[in-house]
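Chains here go by letter, A, B, C, D and E, matching the order in which they are written, and residues are numbered from 1 within each.
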Amino acid sequence: MFARYDMAKDVIAVLEEYTGRIQYKRYTVPGIKDLPVASKILLNQRGCDLVIALGMPGPKAYDKVSAKTASEGLMQVQLTTEKHILEVFIHEDEGLEDDTYLKEIMQDRARSHAQNAVYLLLDPQKLTDMAGQGIRQGYPDARPVY
Amino acid sequence: MFARYDMAKDVIAVLEEYTGRIQYKRYTVPGIKDLPVASKILLNQRGCDLVIALGMPGPKAYDKVSAKTASEGLMQVQLTTEKHILEVFIHEDEGLEDDTYLKEIMQDRARSHAQNAVYLLLDPQKLTDMAGQGIRQGYPDARPVY
Amino acid sequence: MFARYDMAKDVIAVLEEYTGRIQYKRYTVPGIKDLPVASKILLNQRGCDLVIALGMPGPKAYDKVSAKTASEGLMQVQLTTEKHILEVFIHEDEGLEDDTYLKEIMQDRARSHAQNAVYLLLDPQKLTDMAGQGIRQGYPDARPVY
Amino acid sequence: MFARYDMAKDVIAVLEEYTGRIQYKRYTVPGIKDLPVASKILLNQRGCDLVIALGMPGPKAYDKVSAKTASEGLMQVQLTTEKHILEVFIHEDEGLEDDTYLKEIMQDRARSHAQNAVYLLLDPQKLTDMAGQGIRQGYPDARPVY
Amino acid sequence: MFARYDMAKDVIAVLEEYTGRIQYKRYTVPGIKDLPVASKILLNQRGCDLVIALGMPGPKAYDKVSAKTASEGLMQVQLTTEKHILEVFIHEDEGLEDDTYLKEIMQDRARSHAQNAVYLLLDPQKLTDMAGQGIRQGYPDARPVY
């Protein structure tokens, strides 16, 4: 979608570290509500095993509703294809008045999700090892409860 | 639907610039919640490859709920047909007290979405080239993050 | 459903003007959330081509949620049957403290939707001719934007 | 579910008045969100024609969301099985601070829905005869509009 | 998911009391919205009969929306597989400022749901015997209505 920063480049940077083990395709759509059908086409028609859906919903109430509808669609696509879609939505109003900080958040979150995608595909045990540690994408991690 | 301005005429004006490459059908319904089944009929029974769904939800809380339900339906249709539907909803209360401005917004948004529809069908790379630029339909564009 | 006024009689009055061209069946259910499955049975098992779903949700928050769930169900039925359902819900709290006015609204809305149902079945071009005129059911029409 | 009063006993009392014409099965689940799949199993695998889903959602915001999700699930089950499910949810905060009154409400609503279930199965015309009279379950009836 | 405490260990502790009668698999995902497709894979592809879905949604409005979307997905999976999924979500803001108390809640709720899972699989009559007693997981029980 026409977000203000092209997170796809960060995702691609991570995926290219796994050249030979992971291939990728890029499908750009006009808005976040167009992501689910694009994901379905990638998973069902174009041989993909996982989708990373990148979007930047706007700040208005209507944009929040659109993001919810998009999420519901991405959920449905996962359930009918039985393949994972990792949703990476950066909300424009995540307290992000500072462009430099916004860009850092977007980069970090895009890269973390891309890394999780790689684990789901190539090394799922890695995710179990990380469970219960309060690790988050693009935010300070929460502390674990001992 | 019985909106106050017939956006379909603007959509048709764009599509007619592509005569010979794109054909279109028009299907008018009484209300926005009738759009999803009409879209399904166009995509599943009448040979269409993409739908542009035009609607103008009213200003009341109930109208917002109807718009959400319509959106959810349009999402479902896309996922079962694996074809894009571009939703163009103009909310009557988008700060649009001025009829002249309202008409301009509606025209601009209808035409932009029609242009995106053409790109999705004929030149999808064009959308990738535009990614990350903060371009929006019917609003001043957001500025990109450098 | 057990609404305070039986809108079905007004719908039937309109449909009977088309005797010979339109046949109808009536299916009464206890509550609005029972409408979707009844509609599915009419469209899928009993040979109907269109349903007019009449309901009068109550005024409480919980009733609003029920109305939304019912709407979502009616949407799903339309999409799986590829047939129209016209939803005619009169909310008890539509500023309608006056019983005489309430009855007029209910009659007008039931009849308008019945007329639209007839157009969808027999004369869909009629709806296109009416597009962009801001015509509404059971309210003063919105004025068109010139 | 583990509600504070076992409404199933009232439902069973009504159904036993129709011994020989109606048979029933009971399926208890831990929480309201477990009702939809239990209903699907009863309708799809165990030969039932209708389900009465009894639940008592808690008073918190999260409980309201759970009740909505449960309702949506019950709706989906109805649409795929094309059989009725009557949802009988008593919200703990329906202004019911008085246990005696709460119990009366629960009994009345459980019995009314059980009676409606019987009508749907054995005598659907009865429901049409009652339409437009403003009859409600577990509340004073609304008055009809003349 | 990367919650702050690994509830899966408590679930496993309960399940291991039934060694020989119950087998289990663990599937860790990055976030709560990834739970539904993982559940579908476990139920549809990997021979499981029931899923216990453990998650700890964050405290923000957006996290609440994600939890709702995840719940809706878990509901859909149950309905298409006709198998139970017990959802165990601990909301970070359940009035739980005290880590010791939070851990107790999480342990208690995880174990109670695991026990219910066992009853659903091995001894469903046990759940009927407990109905109407106001028993809750991870909270003081509500008192029954006599």
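One rule holds in what follows: a residue touches a chain if its C-beta (ideal position, glycine included) is under 8 Å from a C-beta of that chain, and two chains touch if they have at least 3 such contacts.
None of these values were measured; they are calculated from a predicted model.
K.L.:
Looking only at residue numbers at the chain C/chain D interface, is the share used by both copies over half or under half? Answer same or different.
P.N.:
Different: when the shared numbers are divided by all numbers used, the fraction is under half.
K.L.:
Whole-Å distance, chain D centre to chain E centre, using C-alpha means?
P.N.:
Each chain's C-alpha centroid was found; their separation is 25 Å.
K.L.:
Find the geometric centre of each of chain A and chain C from their Cα atoms only, then give the gap between the two centres in Å, rounded to an integer.
P.N.:
Chain centroid spacing, chain A to chain C, equals 41 Å.
K.L.:
Tell me, which residues of chain A touch at least two other chains?
P.N.:
In chain A, residues 72, 76 touch at least two other chains, as defined above.
K.L.:
When you draw the chains as points and link the ones that touch, which shape shows up: line, ring, star, complete, or other?
P.N.:
ring
K.L.:
With touch defined as at the start, can you tell me which chain E residues reach chain D in the complex?
P.N.:
64, 67-68, 71-72, 74-76, 78-79, 82-87, 91, 113, 116, 119-120, 124, 127-128, 130-137, 142-146
K.L.:
Tell me, which parts of chain E touch chain A in their complex?
P.N.:
1-9, 26-30, 33-34, 36-38, 40-41, 44-45, 62, 65-66, 69-70, 72-73, 76-77, 80, 92, 99, 102-103, 106
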